[in-house]
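Below you'll find a set of structures to go through.
Okay, so subunit A shows up in both of these, paired with subunit B first and subunit C after.
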Partner chain A sequence: MSKVAQKKPVPAKMTPPRSGNSPAKRALRRIEPYIWIAPSVILMAVFILIPILSVFQMSLSDVSKAGKIKGFNGLGNFIKVVKGSAFGLVLQNTLVWTIAVVVLSTVLGFVLALILNNKFRGRKVARAIVVFPWATTLVIQASVWNFIINTDYGTLNTLLMKLGIIKQAVNWTPTPEAYFAWEIACGIFVTIPFVTFCVLSGLQSIDTTYYEAATVDGANYWQKLFKITLPLVKSSLTVSTVLNIIYVFNSFPIIWTMTKGDPANHTDTLVTYLYKLAFYNGRQGEAAAVSVIGFLILLVCASVYMIYTLRKGDDN
Partner chain B sequence: MNDNAAKKPFSIQKTVLRILLYFVVIDVCIITLYPYFAMFCTALKSRAEIFSPHGTILPVTALWSNFIDIWSRAPMANYLLNSILIAGGSTIIAMLCGIPAAYALARMRFKGQTAFLGFVIVSQMFAPVVLLIGIYQVMLRLGLTDSLLGLIFINAAFNQAFTIWLLRGTFMGISAEMEQAATIDGCNRLQSMTRVLLPVAAPGIVTTLIFIFINAWNEYTVALCLISTDTNKPLTVGINIFNGYNMIEWQYLFAASIFAIIPVVILFMCIEKNLVSGLASGGVKG
Partner chain C sequence: MKKTLALLLALVMTLALVACGGNDDKPADNSNTQTDANTPAPSTPDPAPEAPAGEKIDISVIASQYGQNTNKWWADFQEAFNKEHENINLTVEVVSWNDIYTVVNTRISGNTAPDILNIDVFADYQADGLLLPAKDYVSEETYAKMYPAFLEQSNIDGTIWAIPDLASARAMYYNKDILDAAGVEVPTTWDELKAACEKLKAYDSSIYPWGIDMTTDEGQAAFAYYIWNNGGDFTDADGNWTLNSDANVEAIEYAIDLVNSGLTNSDPANETRYTLQDLFGAGKLAMMIGPNSIPTYIAEGGSTINYAFAPIPTNGGNPSVSAGVMDRFMCFDNGHSPEKLEAIKTFFDYFYEDARYSDWVLMEGFLPATSAGGEIVAKADESMAPWVDIVGSCKFYPTAKAEWADVKQGVINVEQQALLGGSVRELLDALQSDIAG
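And then the complex of A and B:
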């Protein structure tokens, strides 16, 4: 990522061909770029933009169970959602889930990247293994975790009993909060590889002469870490953190597979809550309102990030 | 002699650090692989053995027949075929739309360029799950609910951002001089792109298409919501047939899961190195 920091040569833009200066050809040349981007624009317009507009419209409308818009409802859906008894809990869960998973996986992923950046025998194998959780679909990952932590027949209990660490089967999920903590652990587990590989790509582009110079000057390991490594991989970390905030905030399969948000919304986040509202309870207007609320929260985070990076850009 | 004395403490410290390094790396690998190990062992056990109060780690007798039984107990062949069609179809459409767009962004200047790139980035903020209600409405109108084609379009659309992001970075890293020369030799834009640029950009393109393929293969939420006919389900959704409310057939669930995991893990290991550098360089200053 620090490739970013070094100024890349700006690729020369293609100059238009010299022949053909007739007005028709010039007009064609002017619209040419739009022809090139047209398929992509149409694809995203139909399958992303229209759903976005549709969700916003529904959030402001009175919607029937079948999804038919019956009329304008102002902020009615939002008021209903916010006043709903579970909403506070769901919002709190969403924040805990997002912050815990992103922060812990970033710290652990960063440390793992530092470790894997050393030269040692079997490094290639280790890196190939670490990538596993990233490649595995979340539903399966969550199913296995659900199996491992089961009280009656889970392999975690079996393993610990065989090793003599525990004598009796432990109930790993005595409370909904405990279950939620396991979901967070699973989330961290699957998010670490992405952070690790982003940081690794940053680490590998750091010029080793910096470290050599620092060693000559008598810098110790921690000084080198905080004065050289961290500043130079900061951009990689920012990219991975921002993407992770978005992905984790919107992550559905882990919680859905492990608890479906039960019992009584104790493990629900905004996305599982809105799924149930829309497809179990037929309250699509309210579900759309939850979508919009989630989007606004993310938008605030993204704007803060944009302002932060833009200001940093001015400093340079 | 002097030399040795000076070297010795240094090398002891180094050895300790080495051992510590290996210790941590091996632990990380064991923890990472443990779920897969548990999955594989369970896939080979009988139902009785899994639920027995005297738990086992390795299966007492390996029941390889579980891997065969799943094909008759569920429409696994359908699931597998659907996953291949969805992932393959999404990849083709995402590339057909994404390559020209990335090319235009990398090689041309036009009004609305920033706006387009801005929308591409903002579209990342909407996960399909947040837009499911809207997506469902669009699919109803197009008659694409419960169809593979619908899923293909959705996956292709939601992967456009990544496709354009990765390919634009790749194209911008390649000098335009060769294409300019080709243009002077009488090639038009399309020819100069397909004959000159794309072969040079092949590694980046392969990385991108494998990445889309994996994303579409692993997609769960939209398929769960849109597909109702059992034989239209992809693996990620279909295998939950073994994960019923009353009875969970763990051995079948995990045997089927292994079929869903292996192709992706192999593909991922092929592109892991390129993918990350691509992600990083494509993201430069939007």
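And then the complex of A and C:
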């Protein structure tokens, strides 16, 4: 009895909203979705849009050393930055850094993903180990690399001397270029896990019947790799590459921890250079200009890459 | 029903967010203090009304983190101060040297500058008209305690804008055992220094004879050591930049020659003073120029080397000059009421009280900036006594000049370019024309 009594009012309650279609309610329904997303839109505006706009504003302003905006400066900051003696070198370093780290880590990460996709004993452990470099703070990673390659107390020298391969401590960083190469190596090391996991997720979604069919048709390993695997993980690779271009281009901790861009901007990238401009030289307007230049370069690179690969994907 | 309720909740959340944004701006408005004093609107439910009579006066301080003891020292200070001064609510925020410039500049651009700041530089803030003259916020008794030469370092156009909180000075440290074993006398001139380095290198090639730090960290210190001890300087007596003077060029060429002759640590552009201190403590570096805090640093590192310090070697019969580094307190012009300025004076009186002040200085092994503090420190720690004499007579960086930040980065860049093979003369000429126009 009581169950029936309780159940009855429910459908009765449900009916009024259905039938009631007054203009106020319709209007409410129309704006309802916007109200739902309002909090996140506001959060994004506060934490993403406003900072971006204020960087653009700063780059076009005359900013005092203490960070006060003194007035409009047109393209003055950009002209000063581009004419600066170090800018060309820094831009070149940035491109070398980004291309070297992204390309090499993508290739190595892809190979590693192929290996980890095979069935073997201890695969889970191996996968967990791959995550380690990713899960460690970049500052710690860079400090450890610095510790490894140090001439006076580095573990690499100690190891090689203990093994009897070298007799005297070797200076692994005799030139700025050598230092930069070590930084790139560190960058690759910490970027590989991300690529590996992106590709691995792609690999796992490939239906094994494709490979079986190919085997039946007599395809060899390389044919299967290039005709089946690569096309099918391309979307994962695109995602990882675009994200990596952005992350690596903007990466600050490795270079800052290892060399601070020394000597004389020879290992600076745009990001470390703008940090020095802003907080060591107190030229925040120019730093903002460098930041905007970096933003535009990234925007162009990432869009070109995405349009190119996605369109190709559509054609296929 | 549920939907309407959820919608309402969402609206409330949105409004709350907007309200948060609004509140942030409030302290920025300096005129608030005045209008509120005239019309003390009692019925507003504002959670933070402007201090009516009997309310606590808030003082915010940003202090730099000198070492591992700084945080605790300030926390104890804040507690003791607030306990003794019931009408004042002091909050001290200790920020590491790595972040402090970023934090302060962000706060300034957001119009939420602290009331009191403890940092090394001040000229940029003064140039923007953000600071109050020292006499406005320091009582006469406390002001009279400071070494006049130190106060002069914060003089712009005849007004003192900041007061010194502590100082450190530099001298040459040497490993006695290594020098004795190699049969080397402690060098006093540049010629003797180079000869000593060569002898040390011949004695044991695995030991670096001389330490040089030309990194972004503190390369300007190396620049100062060599030019000052060659009779050169950053500026002339009138305060004009003289970066490319003959004495300066000769000095930096000498330093670069030491590196190129293989008499120094292998990578001066990347090895900071801390790396050198570690090498020195490990007995792998025979001599280096360093601050008075080295004994503390080396002792904490567990090193047992036998070392001593001597004046920095000089050239051409010039007297040995020690480089001084001085940090400061400054007060931001946040539209303080007379009561608040009195409270800030109380803060400084409390801080510079002789016993408390010498405790502050000794906490991280620094040198005092007040004469009374100097006496107490010299008495409390005998090893500090010669340093208290040195600090009274050392030279300082020209931090009161607005171009200093560019000069500092500029001379570091010159050193690093010279290490890569650039001509010191050309590099300094270029820097001089860049800075002096």
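Definition applied: the second predicted complex is superposed on the first by the 289 of 316 C-alpha atoms of A that agree within 3 Å, B and C clash if a C-alpha of one lies under 4 Å from a C-alpha of the other, contacts with A are read in each partner's own complex, and residues count from 1 in each chain.
The rule is simple: contacts are C-beta pairs under 8 Å (C-beta built on N, C-alpha and C of every residue); 3 or more make two chains touch, one makes a residue touch a chain.
Keep in mind that this is a model prediction, so the values were computed, not measured.
Visitor: Should A:P39 be classified as contacting the first partner (subunit B), the second (subunit C), both, or neither?
Guide: Both partners.
Visitor: Return first, second, both or neither, reflecting whether A:V239 touches subunit B, subunit C, both chains, or no partner chain.
Guide: A:V239: touches subunit B, not subunit C.
Visitor: If you stack the two complexes on chain A, which partner ends up touching A:I228: first (subunit B), second (subunit C), both, or neither?
Guide: Neither: A:I228 stays clear of subunit B and subunit C.
Visitor: Pick one for A:A126: touches subunit B only (first), subunit C only (second), both, or neither.
Guide: first
Visitor: Looking at the overlay, does A:V82 come into contact with subunit B only (first), subunit C only (second), both, or neither?
Guide: A:V82 sits against neither subunit B nor subunit C.
Visitor: Just subunit B (first), just subunit C (second), both, or neither: which does A:A264 touch?
Guide: The second partner, subunit C, only.
Visitor: Check whether A:L104 is in contact with subunit B, with subunit C, with both or with neither, and answer first, second, both or neither.
Guide: After superposing on A, A:L104 lies clear of both subunit B and subunit C.
Visitor: When both complexes are superposed, which of subunit B and subunit C contacts more residues belonging to subunit A?
Guide: The partner making contact with more of subunit A's residues is B.
Visitor: Of the two partner chains, subunit B (first) and subunit C (second), which one does A:V170 touch, if any: first, second, both, or neither?
Guide: In the superposed model, A:V170 contacts neither subunit B nor subunit C.
Visitor: With both complexes superposed on chain A, which partner does A:A214 reach: first (subunit B), second (subunit C), both or neither?
Guide: After superposing on A, A:A214 lies clear of both subunit B and subunit C.
Visitor: Starting from the residues of subunit A touching subunit B, keep only those that also touch subunit C in the other complex, and list them.
Guide: Residues 32, 36, 39, 42-43, 46, 67, 152-153, 278-279, 284, which sit in both footprints.
Visitor: Residues of subunit A touching subunit B in their complex?
Guide: Against subunit B, subunit A makes touches at 1, 3-4, 8, 11-15, 17, 32-34, 36-37, 39-44, 46-55, 58, 67, 112, 115-116, 118, 120, 122, 125-141, 143-145, 147-148, 152-153, 155, 157-159, 161-162, 197-198, 200-202, 235-236, 239, 243, 246-247, 250-253, 256, 271, 274-275, 278-279, 284, 287-288, 291, 294-295, 298-299, 302.
Visitor: Which residues of subunit B touch subunit A in the complex?
Guide: 18, 21-22, 24-25, 28-29, 32-36, 38-39, 41-42, 50-52, 55-57, 93, 96-98, 100-101, 103-110, 112-113, 116, 119-120, 123-127, 129-138, 140, 153-154, 156-158, 160, 164, 172-177, 179-180, 183-184, 189, 214, 217-218, 220-221, 224-225, 236-237, 239-240, 243, 250, 253-254, 257, 260-261, 264-265, 267-269, 272, 275-277, 279-281, 283-285
Visitor: Okay, in this complex, where on subunit C does subunit A touch?
Guide: 3, 7, 10-11, 13-14, 17-18, 21, 101-102, 105-106, 108-109, 124-125, 127-128, 130, 214-217, 266-267, 269-270, 279, 282, 284, 402, 405-406, 408-409, 413, 416-417, 419-420
Visitor: Of all residues in subunit A, which touch subunit C in the complex?
Guide: 28, 32, 35-36, 38-39, 42-43, 46, 64-69, 151-153, 171, 173, 176, 179, 259-266, 276, 278-282, 284
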